[in-house]
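Encoded as structure tokens, here's the structure I'll be asking about.
We call the chains A, B, C and D, going by the order they appear; numbering starts again at 1 in every chain.
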Amino acid sequence: MIIVMKTGAREEQIQEVIQRIEELGYKSHVIRGTQRTVMGAVGDERGKARLQSLESMPGVESIVPILQPFKLASREVKPAKTVVKVGDLEIGGQAVVVMAGPCSVESESQMLETARAVKAAGATVLRGGAFKPRTSPYSFQGLAEEGLKLLDLARAETGLKIVTEVVNPMDAELVAEYADILQIGARNAQNFALLKKVGEVGKPVLLKRGMATTIKEFLMAAEYILSEGNYNVVLCERGIRTFEISTRFTLDLNAVPVLNKLTHLPVIVDPSHGTGHWEYVAPMAKAGIACGADGLLIEVHPKPEEAQSDGVQSLKLEKFRRLMEELRPLVEAVGRRI
Amino acid sequence: MIIVMKTGAREEQIQEVIQRIEELGYKSHVIRGTQRTVMGAVGDERGKARLQSLESMPGVESIVPILQPFKLASREVKPAKTVVKVGDLEIGGQAVVVMAGPCSVESESQMLETARAVKAAGATVLRGGAFKPRTSPYSFQGLAEEGLKLLDLARAETGLKIVTEVVNPMDAELVAEYADILQIGARNAQNFALLKKVGEVGKPVLLKRGMATTIKEFLMAAEYILSEGNYNVVLCERGIRTFEISTRFTLDLNAVPVLNKLTHLPVIVDPSHGTGHWEYVAPMAKAGIACGADGLLIEVHPKPEEAQSDGVQSLKLEKFRRLMEELRPLVEAVGRRI
Amino acid sequence: MIIVMKTGAREEQIQEVIQRIEELGYKSHVIRGTQRTVMGAVGDERGKARLQSLESMPGVESIVPILQPFKLASREVKPAKTVVKVGDLEIGGQAVVVMAGPCSVESESQMLETARAVKAAGATVLRGGAFKPRTSPYSFQGLAEEGLKLLDLARAETGLKIVTEVVNPMDAELVAEYADILQIGARNAQNFALLKKVGEVGKPVLLKRGMATTIKEFLMAAEYILSEGNYNVVLCERGIRTFEISTRFTLDLNAVPVLNKLTHLPVIVDPSHGTGHWEYVAPMAKAGIACGADGLLIEVHPKPEEAQSDGVQSLKLEKFRRLMEELRPLVEAVGRRI
Amino acid sequence: MIIVMKTGAREEQIQEVIQRIEELGYKSHVIRGTQRTVMGAVGDERGKARLQSLESMPGVESIVPILQPFKLASREVKPAKTVVKVGDLEIGGQAVVVMAGPCSVESESQMLETARAVKAAGATVLRGGAFKPRTSPYSFQGLAEEGLKLLDLARAETGLKIVTEVVNPMDAELVAEYADILQIGARNAQNFALLKKVGEVGKPVLLKRGMATTIKEFLMAAEYILSEGNYNVVLCERGIRTFEISTRFTLDLNAVPVLNKLTHLPVIVDPSHGTGHWEYVAPMAKAGIACGADGLLIEVHPKPEEAQSDGVQSLKLEKFRRLMEELRPLVEAVGRRI
């Protein structure tokens, strides 16, 4: 950590900062520049939050952290890519994994029809929300356990793995009984109570980036789960909030190569929520694969115009099938398979 | 709700949309423009999420909602300002309410020293976190129930009301035993499970705006609490995420007059989190009052450079006292009292 | 355009708005909803800015535009894709066009070495700035006409087309004497005096999106050039300002399919400025092609660590050659050639 | 400047960076941490852009600048507040300066009626655009020199100073013949050709912040003008682009105390463009004064519903008069006068 003193900071102020750095167990290292004095604090970074408080000391201009704040998620700590195993399915390996299904679980026929179609097209995981985090309390809130049972039924028939969202720490065990992968949604990306809980439960977790979460904060959120001893975390870019309104969010594909540099965890892309319009799902799915994503999460619905939620961004079954066909040569062109 | 058809939409597509509007229980109203056909769907807006799905129908360009999605929080439904009563304290009345205290509850002496000082300076509510939502799992996570007891002690000695954060639905009842006001933090602004829970518990709630929450979504989050029958909600603007990095967040004071127009709920401002630097707290606190806030939430710490969290943005006791003195003429200038 | 009245707007206010709509030459169309009255203004949209002012009338809540504000740039007006011809080179055709070169023109050897290398690797346009818009007045401002001459020299030797930036309307003719394509930089995306000038000059224009320019505003900027009778405009996505700081800007690839839907103009992607780090250039270049871009603009420098500007985001010659090789199968996978 | 090496950077890479630092004329200073090596480059910062390019060297992780990039605008260089003199008017002194008038100059009667009214209410500067930078080429582009003459007429009658925008370097001298203060609009905040030109012309300049301009970049833009020898620059906060759409822009009042810390230049606030709605102008004008602004720029129009541009955000004459009355006690409460 670097401590930058104000121009004109007095010698006694510099000495007080040095003293405080050493009290906190770091070695200090002073660089006297032509205009400012700058200090390095060298040592184990565990106490970082405390060092940050030096910014309140007289004469201090700012504090510049040097090390990344995450550890278990860091590629510096574990250079080899993590492959998350979900039974016989691998996420983060050579094969690109496609997860598809409706936003909400609505009925048996909807789930079975969708499951069969996405399986036939090449998806290996079925998505569907039984507990829905909806912006409005008046919107459909999901079928709860009944929805989980419908997912179970679709799995039994198709052999697809199931990913579904958990929104309340109190439901985490219940959801884990049914799901193969627990999803943490964007609005809960920094719900630390929920992150700890899914860390304890131990099932693979699909962690979505929050809409105002920086990539570093996203990795710190993953760190909450990892630090409970659960290393099976898949990261999902799903769009951030920007000023642009022609898409519902701004799918930030830059996050894919940045994450691939910073972390060993697998990274997938959700072009459905990221753009909010079905017309943009196919091009952005392709772009996600081209820049190095390990998989895709895509909303598919047999009748989008009758969906309880997010119909606008759902692909019809036939359009999904065509997308999967178009993806195949692209996946090969980047040296992977589907 | 307005449905905009694509240029060149065929008559049969228009008819299908009309039919679907009427199936959903609305009256349709067609305007044939020089380039596009536009339709109004007139009726009770409860089914809105379903209407949105019309955007998936062939020939439809976009859907434009006309009514605000919140009801109980709306000034159209309840024009008179809500005054939230916390015992003998009123929030949203003529007096400006100042809530002050440290980010985290750390020790008995820290809390008692702070409580006495902020009370003497004119604050009426003591803040302090016992359960801390920290970005890093390695940072101080709060004293939990022990912290709540220290808040109770400070209340007993000073008569200040207590506001403290709840981060997990499972802790809501415990926190409610000690707190006068339950705080929902920015990272939980769309944690709907938690919102419902504090709605049920029934104590006054201080709801912070999320860092990527639009004002409409913020009011929808309040609506979750109100729709559980708990009408004692105080809104708090605390900064949004933007590209500007010279402040930690961008305190969005525009939200104050916008909220005062749209809702009857009281609105307060948190310049400490909003700016992230103690030097900017006083000017932005004054600005908050000048544009119509009903109160302030300010971080105060006896020794910011030793704080477990957020020392950088905390005022020292003496600086807080001076701010309160400077606020007095300003509060009068806008026709209120402190 | 839709005019939404306030809840409780009085009948006389509604009548005044109707009268004003008709005075401005539109036909009015009233929809009386259960809570609000909404009016359509039907007619030629030329006077739109005036209609917007209705928002100041008593009883009016808001104004919702229905038609896109751009015309010549719109795909509704011209459905067929525009192919911009630069001599024998086509931008927007079946072949993906790669423009490459250094940020700044620095010396003859730098330009010739770069030009030969990018040509050998498959680029068809050479980029290089002679007039540099630099954030700091103390940074290198470019070689001006001497730089243009070096570009000319490189063209003469390699046959590459030249794209270079114009920053001042007073230089536009001078730059046009040397350049094949005039570039308008992101900071001048809404410099309307400059846009009109390059519209008049008539050479093909590469228009970069501003860092806070919405896609609609971007198309309005293109409209300035088109409305001067210059139809040879190539759009370039180069990153927008968001809260994320792990990349220099947030390259918004969503803009590619959105633009491909809204406009007939060709669209290229600049992953160098968009990410600001050479390590992310190759993955984002691939993603740009995968989602439908017609070309790429890539910074290449023989010795990035000695560059006068933007060395951090420049590829070395060998890395550029490798990227071009990796692009080939991908370009084929999306049905194009390079 | 601090150079951070990658974890595991080899000794020879460290030596190469040291050598390059010293070649560029800096002294190097090495700190070997527990995980990373960090280097300080000590010396005159003029060559900074070159140092930045070290980021391309093998083994380098990132570069952290320590000094602010602006000099003449910096409060470290000139601690005393600058008072910009416009004839007998002082901007940046104890008195708060109010500039008011319509967005566009439209007619003689409009200008004279407005000028008399804003003068009577207490404004000292008249605003009005003769050259208009409009998003659409089809919108009213201003009356050009005829508009300047109408401003001159209004000045002659009322004694108000005139501020008006210049959008093209070719018009700068013409505008300077009529105007007391030259305005640079938000869309030209980084139009460096124009900044240099108004620096040369030498008249006082009102520089608006761009909608995606960080505060540091804003000061670098001012530096362009100052470095031409023109020290009479007034900064104007007018709203930035964020995800929030209930206001047209997000007026970033935090910029006022931040600028007051970093620079000696006067700072004013434009709540009309900043919010885009007349209803929010008064509260945000008050907030601007409360947080330390030296003045206000406010749109006023006799008949907003007939304005050629920006009617929605214009105050009527009577509303402006009332705002000025409400401002008086507030201005006194912060120890200033109006």
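Simple rule for what comes next: a contact is a pair of C-beta atoms (placed from the backbone, for glycine too) under 8 Å apart; a residue touches a chain by one contact, two chains touch by 3 or more.
Everything numeric here is computed off the predicted structure, so don't read it as measured data.
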Any chain in contact with chain C as well as chain D: A, B
Contact-richer chain pair [B-D vs A-D]: B-D
Centre-to-centre distance between chain D and chain B (centres being mean Cα positions), rounded to whole Å: 31
Whole-Å gap between the CA centroids of chain A and chain D: 38
Where chain D touches two or more other chains at once, by residue number: 212, 240-243, 245
Residue ranges of chain D touching chain C (in the complex, touch as defined): 20, 46, 48-50, 52-57, 69-71, 133-140, 167-170, 187-188, 190-194, 196, 210-212, 217, 220, 223-224, 227, 240-241, 278, 304-309, 311-312, 314
Residues of chain C touching chain A in the complex: 212, 214-216, 240, 242-247, 250-258, 260-262, 274-275, 279-280, 283-284, 286-292, 329-330, 332-334
Of all residues in chain A, those that touch chain D in their complex: 2, 4, 7-8, 29, 31-36, 38, 40, 42-45, 64, 66-67, 76, 241-243, 245
